[in-house]
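Comments concern the structure below.
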Amino acid sequence: MGFIFEILIAFFLVISGIFGFVGSYGMIKLKDPMSRLHAPTKATTLGVGGVLLASICHSVLIEQHLSLHELLITLFLFLTAPITALFIAKWHIHRHEKPSDLPDAGEDELWATHAVEQVEDVPDHSKS
Amino acid sequence: MSLFLIAALPFLGAVFPALLIRAGRNAAASAAGLTTFLALMGLLIHIPSVMRGDVVTARFEWIPALGLNANFMLDGLGFLFALLILGIGLLIILYARFYLSREDPMGQFYTYLLLFQGAMVGIVLSDNILLLLVFWELTSLSSFLLIGYWKHLPEGRQGARMALAVTGSGGLAMIAGMLILGNIVGSYDLSVILQNKELIQASPYYLPALILILLGCFTKSAQFPFHFWLPHAMAAPTPVSAYLHSATMVKAGLFLMARMWPVLAGTDAWFYIVATTGLITMLMGAVIALFKDDLKALLAFSTVSHLGLVTMLLGFGTKFAAVAAIFHIINHATFKAALFMTAGIVDHETGTRDIKRLGGLRHLMPITFTIGTIAALSMAGIPPLNGFLSKEMMLEETVHTTWLHSHYLVPGLALLAALFSAAYSFRFVSHVFLGPERHDYPAHPHDPPVGLWLAPAFLVVLVVLIGLNSAAIVGPLVAVVSSAVIGGEKLPYYSLKLWHGFTPALYMSVVATLGGLFLLSLHRHEEKIWNALPRPEAKVIFDTVISVLTRLSRLITDTLHNGVLSRYAIIMIGFTLALGYYAYTTGTIGPETRKALPIQIIPLIGWICLVGATLAIMWFHRNRLLSLVLIGVVGLIVSMAFNYLSAPDLALTQISVEVVTMILLLLSLNFLPTDTPWDSSAARRWRDAAISVVAGIGSGALIYALLLRDFAFPTISEFHLANSYKGGGGTNVVNVILVDFRGFDTFGEIIVLGIAALIIFALTEAVLGTNVRSYLLNRKPHWPQSGDSHPLMMVVVTRMMMPIALMVGAYIFFRGHNQPGGGFIAGLVVAIAFLMQYMASGYTWAIERQRFYYHGSIGWGVLIAAATGLGAWFNDRPFLTSDFGYIHWPPLEEFEWATAILFDTGVFLAVLGAVMLALDSLSRFAWQPGMAQEFPMDINPLRDNQPQEEENKEQV
Amino acid sequence: MNHWIVAPIVLPAILAPFIIMVLRFHLDLQRIFSVAGVVALIGIALTITAQAAGGDIQVYELGNWPAPFGIVLVLDRLSAMMVLLTALLALPIVLYAIASGWDDRGKHFHALFHFQLMGVCGAFLTGDAFNLFVFFEVLLIASYGLMTHGGGSVRLKAGVQYVAYNLLGSTLFLFALGTLYAVTGTLNMADMAVRVAELPADDTALLRVGAVLLLLVFCIKAAVLPLHFWLPASYASAPLPVAALFAIMTKVGAYSILRMYTLGFGPEVEATQGLVGAWLQPAALVTLAVGAIGILGAQHIARMVAFCAITSMGTLLIAISLFTETATAAALYYVYHSTLATALMFLVADLVMERRGGAIVPTAPMPQSGLISALFFVGAIALAGMPPLSGFVGKLLVLDAARDAPDANAIWAVILIGSFVTIVGLARAGSLIFWKSHDAQYNTETDPDNEEEAAPAPAPEPNPGLAFTAVFAMAIGLVLLTLFAGPALEYTAKTAEQLFTPENYIAAVLGGDT
Amino acid sequence: MEALVASAVGVMTAAGIFLILRRRTFPVILGLSLLTYAVNVFLFATGRLALDAPAVLNKYKEVPYTDPLPQALVLTAIVISFGMTAVIVMIALSAYLSSKDDHIDMNAHDSVDAPGEDA
Amino acid sequence: MIVYAIWFAFACFGTAIMMCLWRIITADGVGTRVLALDTMVINTIALLILYGLSLGTEVFFESAMIIAMLGFVSTVAYARFMLRGNIIE
Amino acid sequence: MIRFLHRIFPHPHLTFLLTIVWVLLANNMTLNSLVFGLILGIIIPFITQPYWPDRPKLRNWPMVVEYILVVLWDIVIANITVARIILFKRDADRQPAWISVPLELRTPEAITVLAGTITMTPGTVSSDLSAQGHNLLVHCLDAPDPDAVRDQIKSRYERRLKEIFE
């Protein structure tokens, strides 16, 4: 029984290691910035997830005490990773994509990142 | 009257003129006069005992540890000088009352004058050389004020500064000399010093002490080559010149030489230094005086000459010469003061002191003429006036003096000086008073009111009387004084009378008088030659020296402190490295006692990343954002290293602080340039790199050496490990150290943090209070901004995260005592939870929902921490003594309470408030109109629907 | 349990947050509480000075943990007199800051002021090396705030340099403390002294490095050349009442040198032999020289006074570097003198600057020129070491104490020539500022065309009477220090004696088991 | 392991000082931060290195503990230097905004006219 | 077996971290740098939990959690800085 | 009674959730930590309430569970797919694409969950919202057929989310 547990834990660990590696490797290998975004946000998430699973399994199965608090870390990462990706994508859109390069935004006409108010509209307060 | 009172009266009295001047000029003058009069009376009371040869003393232990005591003594010498100072002072006060004009601040004048008078009296009554030094320097200071009295005259200011510089520096030399002297003798009391002639003269320090003391005397008494300040001091009002530069201050040097005569004189060194200086000064002063057209300058140089004369006499070191010196001091004081006052009257009446514009005043100002002529003739050494008597004695003494085996040098030069002296004295009379009356005086001259001429007249009467019957009038005084000067030994044979028979001195006098007349008759021709001669102008030289010194100082200072921080830092680092190296190499290093831990792969990778990131920062530091990212990497790895090396608390703190710091830097980078331009040369960068590398090697080597050696002693932390749970109630020893064993450090630490936030707030207010505000309101961003500043997803996620983050904060807080965590990290976590709301939903929106007040949070934090500490007082325990215990409320399990938690609450609040206040303040810079918005998210499809729904409702 | 010892730290630590929280919007109340706090601090300081005067060394174990495991405060004559000096200095300065309106030119002046006092008092009282670091940081960070109080581009720029330089210094402090801890395993100063004395002779190098680094840190604070570069620009650019308060900061460095050195790093200890002697005295001499040259070369009154501060630190450190009882007694007297004199001169400089700007060039006459010039004269006399004020006494004491030193000639020469240059420099400045303005060419009053404009401007202080009173109080302090030089020296001599018998200190801290 | 820590301290010190010697405020501040890291690690290491021995008392078994005291000191130092960094960032920023110049050096003009422009 | 698996994972995440650093330094744009930093932070979390697992201790849990939370905050701050200049507005 | 309970537990779901979080954090299931978690679970919602106005109600709890399971499964698949692309596919063979997903969801929370899900699942990253929030811009790592991706998003995730939130 213990051997199976060990295999399970080792499996999670190996999986996590592979995905951790792939995530960062993708960042180096992929050429265009938007594509690079795919690699780490996903792979690393599962990479860490695997370690956390291994850790939970280890405490539950081997050390025989329930320890689930690693789940909180997963929760944080799952909550935050999309935001990180969103912001970096927005940065890319802002800097490298013209509205015409992007698909149609439907009735809204523009994507939010491009929907910028004119800076010149800022009233001049130095004279008042 | 006690000597204390005599010395103190002028100082006490100095207050009144300044105060009474509102009551009128007469009140001020009367106050000054009355003070002086009282002091004079106090002095005169002591005549009987002084004349008996007694020494009156008064002693007070002021600074016994230093040997600086307020000891005063009054002997003949002191009496004579005190008499001169107070007596002539009284006359000057009278004279000045009429001399000064309505515009002059007379109260100030008398105050300064009395200060000076007090200092002079102090000098001559001191029985402690340190005390004497005090008064000595005071005369320099008060004369500085008096010479510069007419602030509007550049000559006055410069003259004052020159006088201060010269006499002040002499005074400093004298301090050294006096200290050496006191050191030789073992006491600073004059009465002791004067008993130790052999000891002093045998000491190897005799010569340095002598030179240093003489420097003080020579500068004060305007001896060559320090004479140049005196004529420039003539820019002072005439009463000042008359008082300081004839009767008193310049005589302080003479007084001191006379005072020290018993222990310093009589050696070759004394003779050659003092007598030679005096001789040169006498001759030089006399020659220059002849060619001065300014009446006061003429008198000034004549004073220089006469001071030289006395100096020379003292320098001879014989008792007879000493008597002659004393006698001449008395005589000079009388005729020279009278002459100065005469010159002042002439100046006052005619509006000029230029001899070239004067002449023929004999008929217009007969009284002045009479006074001036008698005084001048006395100065020329014409019998039967007192000047003649002492000059005879001087000439007599020179005849017996050998200078480096030469018998003729001293008498010859003395004669020459006497000749010039007669010449300028005659010139004073003839070119001012004699000759035809002129019509181009700047003012219409006539004799002044009696108030002005009374004082000189009195002095001239003395001149005549002393000349006629000196033995009766000043004989006892001269005897007493001379006896004091020569140290109480038997007086030599001398007689104070007009006729001594056909002595060499008489022939010399005759030659001098006739020669003087002859010189005067050829004055016009001599003047041409004189003017053609190149001669150093002391003022120019002095000014040049001072201005060169000033400019040099400025150059040195500005070069040294050139405002370049990197230079300052390099010097500091270099100095530190050098001293560290020195300290290391002069010590001994023991063998390594610890085995190094093996290097594992993960730390190695961490090391590679850390070094790589650090080097990359150095290389790419001009890209500020990249450097910031890389710093983040370094911080992350350092935090991981702390974890790896068994310091989880540190890791937590490091990473939390790291993030907040990064945010602060980003907030400021928003306003700063995003790139650092190249502004140091490659050579400079290499130099900097070299220094940095050396410093790096130093710190690395130091810690490496430490890491491989055990503590030489058991560390105190063994106690902490042993007592953390027992005495502190916590299992996380690091936390127990922080909140208990060393809670006082933490108390200071939160205060630092609180202050940091206050400063940031205060600076924000200060900066926003200036025109920077309008710049900020109109500032354009570094680069075009994207739309959607508060993305929907971000807002939603932060909303979801906030309660969890607060929960985590609470968790970190409560478990800190037993597990990694604590109030500090909890504060940061909670602050970041709030900060995320700011970032996501906008400043305005978030601040509206803020339920606490940052200043209050900081304040309460510190107060709670302090109150926790103070609570121990009620238990009669020291500040910050903690307590803990266990509570059991069924059905709950037993749980622990500790006052440390309360203390940690203070930490928590202070940190929270400080971080929020800092971030909040910096955020205010970014505020621009239009930024304040009603909604937390820019895009909210639900919001767009709602108005429609409401519209629909209305339609329905 | 003598809680008085901790009071000089706790009082400002409570008062300042109170001012921030409760009185934030009430300047008048802030002022009242601030002054009351300083007065109370004087009371506390007098009390502990009286307690220390007997010669007993009292130890306050914070948190009730015995030394060396917890932090202790130690009250001896030296710490008491330094706390007293701090309190006495603070009163006229806070009054002046109020009277001149400086406290209203930015936020949180009074809170920062009291935090600064807390840091200084803590540094003087603590017996723990790391706690000393903490208090250094408290006083430094408060000084950063005070230095940049009110803003202004030049002041802020000087502020950046000041902070950066001192951060380097703080880093050095930590390097030093780390090294010392790594070798001795303790942080308590007395305990460290004991262990240093017992250190095996064949393993001293690392301790020596730590010790020298620590002394360097103190030298930075004490503005010893070549570590003084933080001072001129920051003192000259700070609000001058603040610069006046900073006069005590350099003394913290001097105090620490004296404390550590007499306690455990002295030459009689084998491990630390020759660490200081070789360089501290020459450095002090150069400090004095550079300070004096700076005075002569200064073109701005505040900068000139800053160099006066450096000069006086030079003199003080010469005395300290002699490390004899007599010299230490002299040094301690000089500490009082130079602190008061420097502070006085900064306040006078502020009076001048508020009326006519600080450049040492003639301008039109300023209001109250007579009074100010009199005060300037007093300050100049004191700083130049001219009689009759305490500077002269102090200078004589130092010269006298140095007479048996091996380098007595150099010391005397530098002190005396330094005095001379100082006199010339101050006379030059005073004459240009106060006298030359009476020249017709600068005297616009005589110009009939714009008589209206030329009428002397009203005093810029909201309350000139109080401002002058504060400055006068400081001058009177100098006079009293001179008049009562005898008793004062008696105290400092006893203090020096206590310092040079460190066994008592160690016994008091470690409970006598030495 | 000791060599890694020591060399890391050295490298961070060197880089920190190199940045401190730059002439603009921002790199100097970064340099100070790096130097702070260096000194924190230094101070921490004075307790000597230990793996798997955090100073959290274990009630159940005898385990080795690392020296907790330097850790507490470093914690204090970290917090203090955080405050210091915040202040210097703010002062540098204010100075830049007031003069539009982020040179850290003061020129002669600055020193002469010192605090001429009070708010 | 677990030991070998842990070592394998250590090696993977260690390499990953170095690749992240390489990307940070060599990236052509700030966005990629921030992305790489964020990835690095996440790899670090994994390493930390791995280390805790290998030692059988839970003492690193808080660190990992705080890093997860704060890594996000710093990434957002960088992103906001790049997009808007103002982190808080 | 209910009003009283409502007063004490104004946010029962959140209180419950936070108590769970606390128990997870404390990592032990004792009465003490439950009580303590409950206390915090009551206090913290009070503090955070103003920051989350108009909190949506979840309507369909079984659907929530289903959704989570679907997403988890997709994440596993996604990672394998992406790993293969990264490791074995040449860059030139990849066909990255932008796609625009018209949204029926209007609740911000729902949109957020959808966007998050998209990012966490195969080869897609939610990159932007349209100016009114009615379209979602998604970037695909390798999408030979963008329309299929869009349809899968709408049917697999958006449908379920609509049931949960609206």
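Per-chain numbering from 1; labels A, B, C, D, E and F assigned in written order.
By definition in this document, a residue touches a chain if its C-beta (ideal position, glycine included) is under 8 Å from a C-beta of that chain, and two chains touch if they have at least 3 such contacts.
Keep in mind the model is a prediction, meaning the values are calculated, not measured.
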Response to the item:
Common contacts of subunit C and subunit F, by label, are B
Worksheet, complete the sentence: The larger set of C-beta contacts, choosing between B-C and D-E, lies at B-C
Fill in: Centroid-based (C-alpha) most distant chain relative to subunit A
B
Discussion item. Centroid of subunit C to centroid of subunit D, CA atoms only: how many Å?
Written reply: 26
Discussion item. Counting only Cα atoms for the centres, state how far subunit A is from subunit F in Å.
Written reply: 13
Discussion item. Please tell me the distance, in whole Å, between the geometric centres of subunit A and subunit C computed from their C-alpha atoms.
Written reply: 56
Practice prompt. Starting from the mean Cα coordinates of subunit A and subunit B, work out the distance between those two points in Å.
Written response: 66
Worksheet, complete the sentence: Where subunit A touches two or more other chains simultaneously, the residues are 18, 25, 37, 45, 67, 69, 72, 76, 79-83, 86-87, 90-94, 110, 112-113, 115
Worksheet item: Taking each residue of subunit E in turn, which ones touch at least two of the other chains?
Response: 10-11, 15, 17, 30, 34, 40, 58-59, 61, 65, 69, 71, 76, 80, 83
Worksheet, complete the sentence: Going by residue number, subunit F touches two or more other chains at 21, 25-27, 115-116, 126, 128-129, 131-134
Worksheet item: subunit E touches which residues of subunit A in the complex?
Response: 6-7, 9-11, 13-14, 16-18, 20-21, 23-25, 27-28, 33, 36-37, 40, 44-45, 47-48, 51-52, 54-55, 58-59, 63, 67, 69-70, 72-73, 76-77, 80-81, 83-84, 87-88, 90-92, 94-95, 113
Fill in: Residue numbers on subunit B that touch subunit D, as the complex places them
558, 561-566, 569-570, 573, 594, 596-600, 603-604, 607, 610-611, 614-615, 617-618, 621-622, 624, 627-628, 631, 634-635, 638, 641-642, 644-650, 653-654, 657, 660-661, 664-665, 668-669, 671-673, 676-677, 679-680, 688-689, 691-693, 695-704, 706-708, 710, 715-717, 720-721, 724-725, 731-734, 737-738, 741-742, 745-746, 749-750, 752-753, 755-757, 759-760, 763-764, 766-767, 769-770, 772, 775-776, 818-820, 824, 911, 914, 918, 921-922, 925
Fill in: List of subunit E residues in touch with subunit D within their complex
55, 57, 59
Worksheet item: In the complex of these two chains, what residues of subunit E are touching subunit A?
Response: 1-2, 4-6, 8-13, 15-17, 19-20, 22-23, 28-32, 34-36, 38-40, 42-43, 45-46, 49-50, 52-53, 56, 58, 61, 64-65, 68-69, 71-72, 75-76, 79-80, 82-83
Worksheet item: Which of the residues in subunit B end up touching subunit E in this complex?
Response: 601-602, 605-606, 608-609, 612-613, 616, 620, 625-626, 629-630, 632-633, 636, 639-640, 643-644, 648, 651-652, 655-656, 658-659, 662-663, 666-667, 669-670, 781-783, 785-786, 789, 794, 801, 805, 808, 812, 819-821, 825, 829, 832, 835-836, 838-840, 842-843, 919, 923, 926-928, 931
